[in-house]
Structures are given as C-alpha cells and as structure tokens.
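Quick notes on the structure that follows.
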Amino acid sequence: MKKIDVAIVGASGFTGLELIKIIINHPNFRLKYVANSEGGMSLSELYPALKSVVDIDIKKGDAKEIAKCASLAFLALPHKSAMGFAKELLDLGVKVVDLSADYRLELETYERYYCTHQDKEHLSRAVYGLPEFFRDDIKRAKLVANPGCYPTATLLGLLPFCKYIDESYPIFIDAKSGVSGAGKKCSDKTHFVFIDENVSAYNPLSHRHEPEIKEKMKIISKGVEYDINFVPHLLPLIRGEMCDIYCKLKEDIDPLEYLKEFYKDEKFIRVFDKPVTIKGVGGTNFCDIFAKKSNSNLYICSTIDNILKGSSSAAVVNANIMSGFEEDLGIPTIAYVP
Amino acid sequence: MKKIDVAIVGASGFTGLELIKIIINHPNFRLKYVANSEGGMSLSELYPALKSVVDIDIKKGDAKEIAKCASLAFLALPHKSAMGFAKELLDLGVKVVDLSADYRLELETYERYYCTHQDKEHLSRAVYGLPEFFRDDIKRAKLVANPGCYPTATLLGLLPFCKYIDESYPIFIDAKSGVSGAGKKCSDKTHFVFIDENVSAYNPLSHRHEPEIKEKMKIISKGVEYDINFVPHLLPLIRGEMCDIYCKLKEDIDPLEYLKEFYKDEKFIRVFDKPVTIKGVGGTNFCDIFAKKSNSNLYICSTIDNILKGSSSAAVVNANIMSGFEEDLGIPTIAYVP
Amino acid sequence: MKKIDVAIVGASGFTGLELIKIIINHPNFRLKYVANSEGGMSLSELYPALKSVVDIDIKKGDAKEIAKCASLAFLALPHKSAMGFAKELLDLGVKVVDLSADYRLELETYERYYCTHQDKEHLSRAVYGLPEFFRDDIKRAKLVANPGCYPTATLLGLLPFCKYIDESYPIFIDAKSGVSGAGKKCSDKTHFVFIDENVSAYNPLSHRHEPEIKEKMKIISKGVEYDINFVPHLLPLIRGEMCDIYCKLKEDIDPLEYLKEFYKDEKFIRVFDKPVTIKGVGGTNFCDIFAKKSNSNLYICSTIDNILKGSSSAAVVNANIMSGFEEDLGIPTIAYVP
Amino acid sequence: MKKIDVAIVGASGFTGLELIKIIINHPNFRLKYVANSEGGMSLSELYPALKSVVDIDIKKGDAKEIAKCASLAFLALPHKSAMGFAKELLDLGVKVVDLSADYRLELETYERYYCTHQDKEHLSRAVYGLPEFFRDDIKRAKLVANPGCYPTATLLGLLPFCKYIDESYPIFIDAKSGVSGAGKKCSDKTHFVFIDENVSAYNPLSHRHEPEIKEKMKIISKGVEYDINFVPHLLPLIRGEMCDIYCKLKEDIDPLEYLKEFYKDEKFIRVFDKPVTIKGVGGTNFCDIFAKKSNSNLYICSTIDNILKGSSSAAVVNANIMSGFEEDLGIPTIAYVP
C-alpha cells in the first residue's frame, strides 16, 4: 500500500515528541514535515535522544508548505493557535487531527470556557475523536478533534454506564495526572522541588475539562444533563493519568461483567478484575478500567497514558481510521514496565 | 516541672521512629525505655541516622520492666499484639497511648473487621484520641486509642459539616497516601520499582478505616448513619496523606468561612483559601483543610503527615493532654519543605 | 525468511520481562517457550500490563522440552542456576545466550568471585557478548555470555582508550544504577521508603563486576594489567545506569574526536559533545558516551539502560548475530522520553 | 542571656527558607528582619507551610534599616548582589554571615571565576566559615564567608588526609546533588519531567567549586598544589549531596581509624564503618564520612544536606561561634528519615 505523507506541527511539546516517536515507526504513514514555532534546527538537536534514530529538519510551520507535501497533518499546538492553522490546512485540502481544545466543544461551550472561536465553519463539521463512541463519524471526517486527556479517561469509564446512572445524584471525578500533562513550560507547577514528594489539587470544580465531559455525556445519553464535578490533582510522576469516578446507580447491575461485555470488541480497552494501575498503561494506547459497587454506589477507575491514549497515540488511531487503515496499525501496546 | 518518664514499644516501625524523634526533644517527657520485638541492639544501630544524637539500648518489650521505670507508654505495635501489651500495662498502672486499631472501635465493629477482642474491659473505657472532638475525655483517660491516619484526615474534614451534610446522599472519600503508610515490610506494595511512576487504588470500598470513619461520624452526629464510601490509593512519595471528600450539602453555607470559624481555636488545624498540599504538612502535626462547593455539592480536601498527625505526633499530643501539659508542647510544626 | 523459534527461561525477573517485550515484536524470532521457576500461569497473569498483547503459558523450565521446540534459548536466571541449564541445552544442540555471570569470566576469576564452576567444558568455548569488540567470535558461537551491566557501560567507555591510558595510574569508576538493577526481590535495598530521596554506595571497591572489567581490559589490551577501582551506587530511579570513569592519559589526544572516529561504524554507540544523560538511552539499546580531559586527566561518561543494553536487548543483538541477522533487527532505539 | 537580634536577607530562596526555619526555633537568636527583593508580603504568604508558625512582614532589603534593628545579618543572596549588601552592613557595624561565593576566595581566584570584586577591603578580612578547620578565626570574625556546598562535603572528606595524599596523582571528585542545589528558578535543569528518572553531569571539570576546593586544600596543606578534578551531577531528589573522592595515598594508613581519631571532638562530623547515605544527614547539620582503600588507592565518601550543612545550618553554626555561643545551639541534628 502506498504510504500517506503526514505533517506534525508543534514538535517541541511532549505530545509533539510522542507523535514523532509513533509516526517514524508507523508502517503506512511517512513523516514528511515537522514544524515548531521557531524552525531552523534538526530533530536530533531538539531531542538528543533521537540522535541516530531519525533526522529531519524542523521548519517554522507554514500551511502552504504542508499542503505541498502532506495530505494529513497533526496539530500539537496550544488552543487558539491551532484553529488558525487548521482552517488554512483544511481549505487547502489537508486532513487535520487537532490535539488542542479548539474543535472539541460546541460553539457556545467553547466560547464560554476558552475564547472567541475563529473557525466556526469547520467547527460545525469537526468530529470528536473518541473512536469507541464516534468511530463511524471519524471514518468520514476531514477534521478530528482529539479529546482532552481527562475527558478520554473519564468518558471511557462513565459512558458505558449512562443508562444506569442516577442523574439526580452528582457524579464526582477525582483525577490524578503526571507532570507531563502540565506541559514543558517551566513554572512552580513543574519545578522538581515543588512536585516531588507532594500532591495537590488544582482548579477544583472549575477545570475546563469539566464542561467537555458534561457535553459528551449529554450527547451520548441523548440529552441527559449530568451533574459533573471534576477535581484534578498533580502527582509526582512523569506520565500517566487515573480518573476515579464516583456516582449512583439506579439499577442493580454487575458493573464489571457489564463493562466486559460492553467493551468486548474494543482493542484498546481492557477491563480488569483488580484495581488498575497507571504503570500498566504507560507507553501504550490502552485505557484500563476497573469498577466496583457498594450497594448502589458505583466506583469506576480508569487509567491511561495521558500523552498517548490521552493525546498522541489516540491522534494516530484517529488518523488510521480517517485513512481507512486498521485502527491499531503502528499503535504502541507494550507498556514501559518495569 | 518534673519530667514524666515514658516508654516506646515498637521502635522498629516508622511510627516508632517518629515517636522517638519527638520524645527525645520533648521538654517534659523523658525517654526511659525503648523496645522492639528482638531487643539487644542500640538505637543508633537500628537507625544510623540517630548516631551522635541519642543512644539508648533497645529492649525486648516487657510490661513489668516498663512499669518499673515509666508512667506512660506509647504502643506502636500491630493490632492484636497491642491489646495484649496494653492490658498488662494498664493493670500495672501505666497510662497507655495505643497507636494500633485495637481500642479505636466499638466491640462489635472491631470484631467484625479485625479479630476477637482480648481486652474488652479496657476497650469499654478507651478514649478515641482525636483531641479536636474528644479533648475532655482524653484529659481523664488512662487509655487513649490513637485514630487511624485516614480517619484522622477524613474526620477533621468531615465532622465540622455533620449537621449540613445531606445524609441521603453517599459520601465518597478518595484518599491518597505515601508509602510509609504501607509499613516497613518489604512487599510488592513497597518495592521501589512497582511504586515509582505508578498509582493504584487498594481495597477500594473495603478498607478497614471505612467503618472507623462511619462509627465516629455517627457518634459525633448523635446517631446519623452516613453512607461512607472509602477508596485509598498508594502514591510514589514517602510521607503524607490527602483525603478528598465529596458529598452533598442540605443547607446553603459558605464552607470555607464556616470551617475557619469552626476551627478558630484549634492550634493544629489550618484552613486555607487555596487547595492544600501534602508537602505543607510534611514533618508537622498540622491538618490543612480546603473546601469548596459547586451548587450544593461539597468538596473538602484535608492533608496530614500520615506518620505524624496521622500517628506519632498525634500520640504525643494525646500524651500531653493526658499529662496536663499544653497540647502543643514539643510538637513539630515546621514543615520539611523544600 | 523462516523465523527462528526461541525460548526464554527466567520470565519472572526484570530482564526476563524485557526479553519478552523485545521478542514478541521481533520480525525473525518467534517466542515458543517461556519458563520461570514455578510455571503454571499465563504471561498476562504474571504481567497484567501484557494483557491483550501477548498470551502464552509459562512453563516450569525443562531443557528437553525446550530442545523440542526452540533452537535458541535466552537464560535470564541467577548465576549458578544458569550453568546447569545451559550445559543441558547446549548438549541438546540448542544455542544459548546466557544473561548471568556464569560464562563471562575465565575459570579462575569466576571461581574466586562466584563459586565452583560446573560446566568447564562449555565455559572454555563461551564468547563474551560485547559485539563492539567480539563480533566475529559471536557470529560463530553456540554459547554467548552476555556482559554484566556495569562492565558493558564501563568497557564501552574505556576500551577505546586502552592504548592511551597510563596504566601506572589507577582507573576509578563511579557507577550509578537504577533500582531495577537490584532485582525484583524485596529488601531494604529495594523498599521505596529507603531508596526514594536517597543515594548510597554499595560494595565499594569489592563489587564482582570489578574483576570482569579488569579481565576484559587485559584481553583487549593484550596483557596490560590495569588498576581498576569500582564503586557502584544505587539511585532513586527505575532504569538506567551511568558509569563515570576517571583515569590518566599518557598521550595528548582529543578524546571526543578520537571516540567519534573509533565508533563511527557502530550502530548502538553514540558519542555526544555534551554530557550524556540516563534518560536519553532509557528504553533503548544505545550506549551514549561523552569524554573530556583536563590536562592529561581523562573523564569519560557512559550511559546505558541497565536492563536493555546492559542485559536484555544486548542479548537479542547477540542472538541476531549468532543467527546471521542484521545486528539491529527488532532492537529498540526510541527512548522512553519524556 | 540576652537574645541577639538578627536579619535574614534573601528570604525567597531555599537557603533563605532554611535559615528562617532554624532561627525561629533558636534559643539565642531573635528574627527581627526578613527581606527579599520585592518585599510587601508576609512570611506565610510566601511560604504557606509556615502559616500559624511564624509571621513577620517581609521587607525590601535595606542595610540602614537592618543596622537599626539587628546586630548580625545572614545574606542568602546571589553572588555579586551579596557583596554590595555586605559592604554596607559591615560599615554600619553589623556582623555578616554571607552564604554566597563573594567572600570565599582570594581576590585573584574570585575575579577569574566570577566577576570583578567590589569590596576588596572586607574580602581581605573575611574568614572562610568551615569551623572544623577555621574555628578560631571565625570566633574573631566580623564577616564569615560560608563555604560552597560541594567544597564543604569535599573538604571535610579530603582535608584530614592532606599529609597522606600523593599529590603527584590527580584527585577526582564525583559529586551528586539534589535539585534544591540548582535553586528555585524554573529551567530545564529543574523541570520535573527532565529531572525525574534521570541523571546527568553538568559543567564537568569546569565547575566554579573546583578552584574553591583547590585553594582551601593549598591553604591547609601550607602550599601544596593538588590536582583537583571535579564533576558534579544532578540527581532526582530534593535535598542532599554526596561527594565521592578518589585519590592516591603515599603512606600506608587505616583511613577509617585515622578519620575517627581526627574528628573525635567534632560534633557535626560522623565517621561510619559502612557506606554513608544522603538520607542519614537530610534535615541535619551533620557531615557523614566513610573511607576505604584498595592498596594505596583511597576512596572517601562524604554526605551532607546541601542546604543545611552545605549552607544554612552551617551559617547559623558560624553565627553561634561569632556570638560566643555553643556551636551546636539550636542546630538541627535529627534527620528527616523516613
């Protein structure tokens, strides 16, 4: 099969690096173009760990140049920068997988929690890239909005239970993330001395992933408004994310058996009889899920690698689907353990 | 003032070490007797870090020997071993602060979750050592049962809200602990390679601290049965514990203002306007609390040093109260930051 | 090309797991047999992280069974157990890559530092599996002794300089290893609470890798006795190893330029102009080297992933060479960063 | 005894915080003035962990204000800023303990490795604050230059052996430091994701602490020029420092027995028969030392808490000596273990 040429824009961040690591080993995608905001260096200068593995010049991102050499682009940019780039690429006929928040939400929600949207036209046609629930739409999409990392882990745990959850009770999500989720920028939130031997919640009950979870729950449940309460924490580890979900069941089901049946055909969802770990999914595209109830109170625990299933490998899965490839083609499944 | 001579039984564990560290600097207690299960070595052989700081022979614990030289004993023993020792000491007239679970619960609860109780007589007179709520009882007690670490952090966050919490909704507690909480014994749960860069829940919805929380909530609220759901996690850090509590309010209050007022006279409770951290209490007897609500959903976050406020320094506070000293005498308040 | 069927004996240790992870993705080797000391479980029961990735029953190791289904075996066993197994396999015509110390040393050295050798016959024909220096011998070998992790990093840094090092001065090696190097067994040396936020030397000037380094230096330099002084340290990280080497030059050379020229055809050695890191090689078979001198004092720094280039991936490279494959076939080169 | 009023300038850095933590518990010093470069906040705003422990307004540093209220000042400032401040304070009659490099070196050395000196007058009278070797000078000093952290650990290990070290051989120092040594500023060198699970050398053979070690060795040995080669590493831990020293003996001595005798009267030096650890000194002013030889090759290992014995607690020890107090008054000796 002829390889598809792809571009990665935003090579400097952690998700950009993960995209590069997957694409250079992908059997059907060929990395033709890599850009960051400065350009003018080679990949192995930016990432000494890639020396002797891959070398390609990093450009200053330019949509027209991309359109000349690639038919699909991954955008690993901050929100707001992403939509400017995506609009131009789409108009030039390049398919886009956008890893930012720019095309994840409905217009009103987006503008309430982020900023004024500058590409309403494509927003209305963007597909939410959670294949387990939107696979058919992704197949036909020109623009896929990759879900946020917390929504990925949370929705994969919660959505199967939609019809059994008592919506008159609040749903609480206690999320825990490694520091790579806070990005490459140096700050108090990322300084080793503040993170190590520490834990803290941030933006409790006011994180922007809360409305994303709420909106997708409503779509899948065909209109139910769930009372979503989201509290993320920063943990002293590099990669990985756990979402502990607490809610109320309105029907008496066996949550584990139900989950196993629900996900029995999904390649990247693993349902476990024992509590799942962050390490078991590190380096992979898996989402591991455990569930247990006490009377009608339901506890669900879902783990992902925040920069893979929560971002970059999920993006390549979406690109696989958009390109008509097998969903798991070139996708990492072997965890970094030990 | 004449110093009171004290004994520490169970010197080998983490809480034993912390007791030693506090007592050797305490102005009114004198460390007269230290024991572990083997005896026959000196403190600085057991703990090289204590070389040139303190030296005292470690004995094989013997209640009669203790009664000869000390009037108060701290028992840092596993449950079941503790009650045997405590019974003998109490009968010999030695006051006891027991750090195990043996005297924390009512008989029926204890026997359901632990084992047959062998000292029912003293159990009925034991006082639960949470000074913020049982101070007057502690003053008169001969036997104080030091609370579990998770119950300490949880109860200090929850108890003030008893009358405002809607008991028809479940209360969820997502707890996070450093590895010192898992004890000194080597196991998969404590091997560096399994803990580092990892997080996992253990005994979700079935940890033995859940009935302890439930029972004390009921006592303080004069009979209300709360629906307590407790999920503890092991985190890659040495000391510290965070309890994130999620529940429903039945009245419209400002949780932070209420907490500040409620705890305004408590020396070891600090209420913060911003999310609290594990590091801020490491090395101290403080419990730091933050609270926030979204509509009527209440989020409370409480942090302690699991082996200090969650165990050893709390034990010395109890001993201070039992001895008629100032509550904060010799109690560590300066955190190990950075 | 027809695949070669291989066996892995010793699946429970960290190096066994790494072997499995490499072999299941290797294009020319097929994993036919996996054993540990108990048998009777499946790979995904032993390693939940491998669920849905690979499943194969784990056997209780048996040489005759192996000989029936595999033509090459990797032995990831403790020293002493390994030689019993290797002897039997070799006599049955199965090629062996042994990851233990049993065939690394000359008889006298081995018996001085380990124990009585029980397979002198094969020992005399074993090849030391450091391809950068013994490639041609490995091609023809039936039994390859995989080098120790510290000797790998040290020798790759030191051997190129043999003819320039002043042997009348001592050579000092300050080695630093992650905890996976201490094995899966729980002990004070591997308990999270003792390792985290700590560093310590162990067996200084008396570690068994010291004679291994000395012996190979002597062989490559055709008889020179170097004064090797080796001090290893345990660091609070999972995988990775750094050897800092300090010695005296007797000729004025540019160490970096010399190294680059020396290793210019080696696929798995990377010479850097800046200090190398442990993270840059984590997850790969690379050895990264930096060197600098001050007057005639030479500093060399060499990093490897201790359980890959220092063990399992090096073993597969050796198997590739023994099988006539490209040396880098199926060998991991993309680091786990971030 | 009347308390002495002291000032701390440079409260925002890690060493400033440690100074505060020691001084607020010191029986004979009273904290009268705290400054950082901005002023205008309280201590507990800057350090939430100090809430309810101490509160004092932080000023924008002003020498005249200090002179009004304090008779001794600790300067925890970057080099260059420190000398401007020190000069003014000394001229106003305030004693100074300077934690920067500004007064540590002889003029020529300083100007070669740092910058032009702006206070040559006081430089010539400054005393190097290593009490184990310069105690009598410190007693009489108005200005004490606190040694660098690496020189402290290295010199305490090396200086006792001056007369036995063969100076015709190089001395190699492989130093390992926690991240607090890199300061509070955010950078790639302090970002959690780059530090965690990583190790790297920095400024090998060209760190500015190398000439400091060399100069003090020469002074103590009355003129011998040692060939000092210094390579520091950054480790994934918060506090603590280990210096591994490798050199050649010219006389046959028992290094451990010699060290024990040499340091028998020093309160803050502990000589161990087993390899020392970083954790054993964390939170204390101890320097722990181990030594071993192999033939005439000597290995010395010295550990300190880099921000205490390597900086802040050492500064308070110097202030104690300058004030005629017992050297160990108010100095922390109980390690943060576990």
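Here the chain labels run A, B, C and D in written order, and each chain numbers its own residues starting at 1.
Rule of thumb we're sticking to: contacts are C-beta pairs under 8 Å (C-beta built on N, C-alpha and C of every residue); 3 or more make two chains touch, one makes a residue touch a chain.
None of these values were measured; they are calculated from a predicted model.
Colleague: So which chain is farthest from chain D, going by the mean of the CA atoms in each chain?
Modeller: A
Colleague: When the contacting C-beta pairs are counted for B-C and for A-B, which pair yields the higher total?
Modeller: A-B
Colleague: Could you state the distance in Å from the CA-based centre of chain A to that of chain C?
Modeller: About 37 Å separates the centre of chain A from that of chain C.
Colleague: Mind checking the centre-to-centre distance between chain B and chain C? Centres are C-alpha means, answer in whole Å.
Modeller: The answer is 47 Å.
Colleague: What whole-Å value do you get for the distance between chain A and chain B if each is reduced to the mean of its CA atoms?
Modeller: Each chain reduced to its C-alpha mean, chain A and chain B end up 40 Å apart.
Colleague: Mind pulling the residue numbers of chain C that touch at least two other chains?
Modeller: Residues 14, 180, 193, 196-197, 236-239, 277, 279, 338 of chain C each touch two or more of the other chains.
Colleague: Please give the residue numbers of chain B that touch chain C in the complex, ascending.
Modeller: Residues 14, 179-180, 184, 186-188, 190-193, 195-197, 236-238.
Colleague: Considering only the defined contacts, which chain A positions touch chain B in the complex?
Modeller: That would be residues 169-170, 172, 174, 176, 178, 193-194, 196-202, 204-205, 227, 229, 231, 233, 235-240, 242, 244, 246, 248, 275-279, 282, 290, 292-295, 297, 299, 301, 338 of chain A.
Colleague: For a test of understanding, state which residues of chain A touch chain C in their complex under the given definition.
Modeller: Going by the criterion above, the answer is residues 14, 17, 21, 24-25, 47-53, 180, 196-197, 238-239, 267, 270, 272, 274, 277, 279-281, 283, 286, 307, 333-338.
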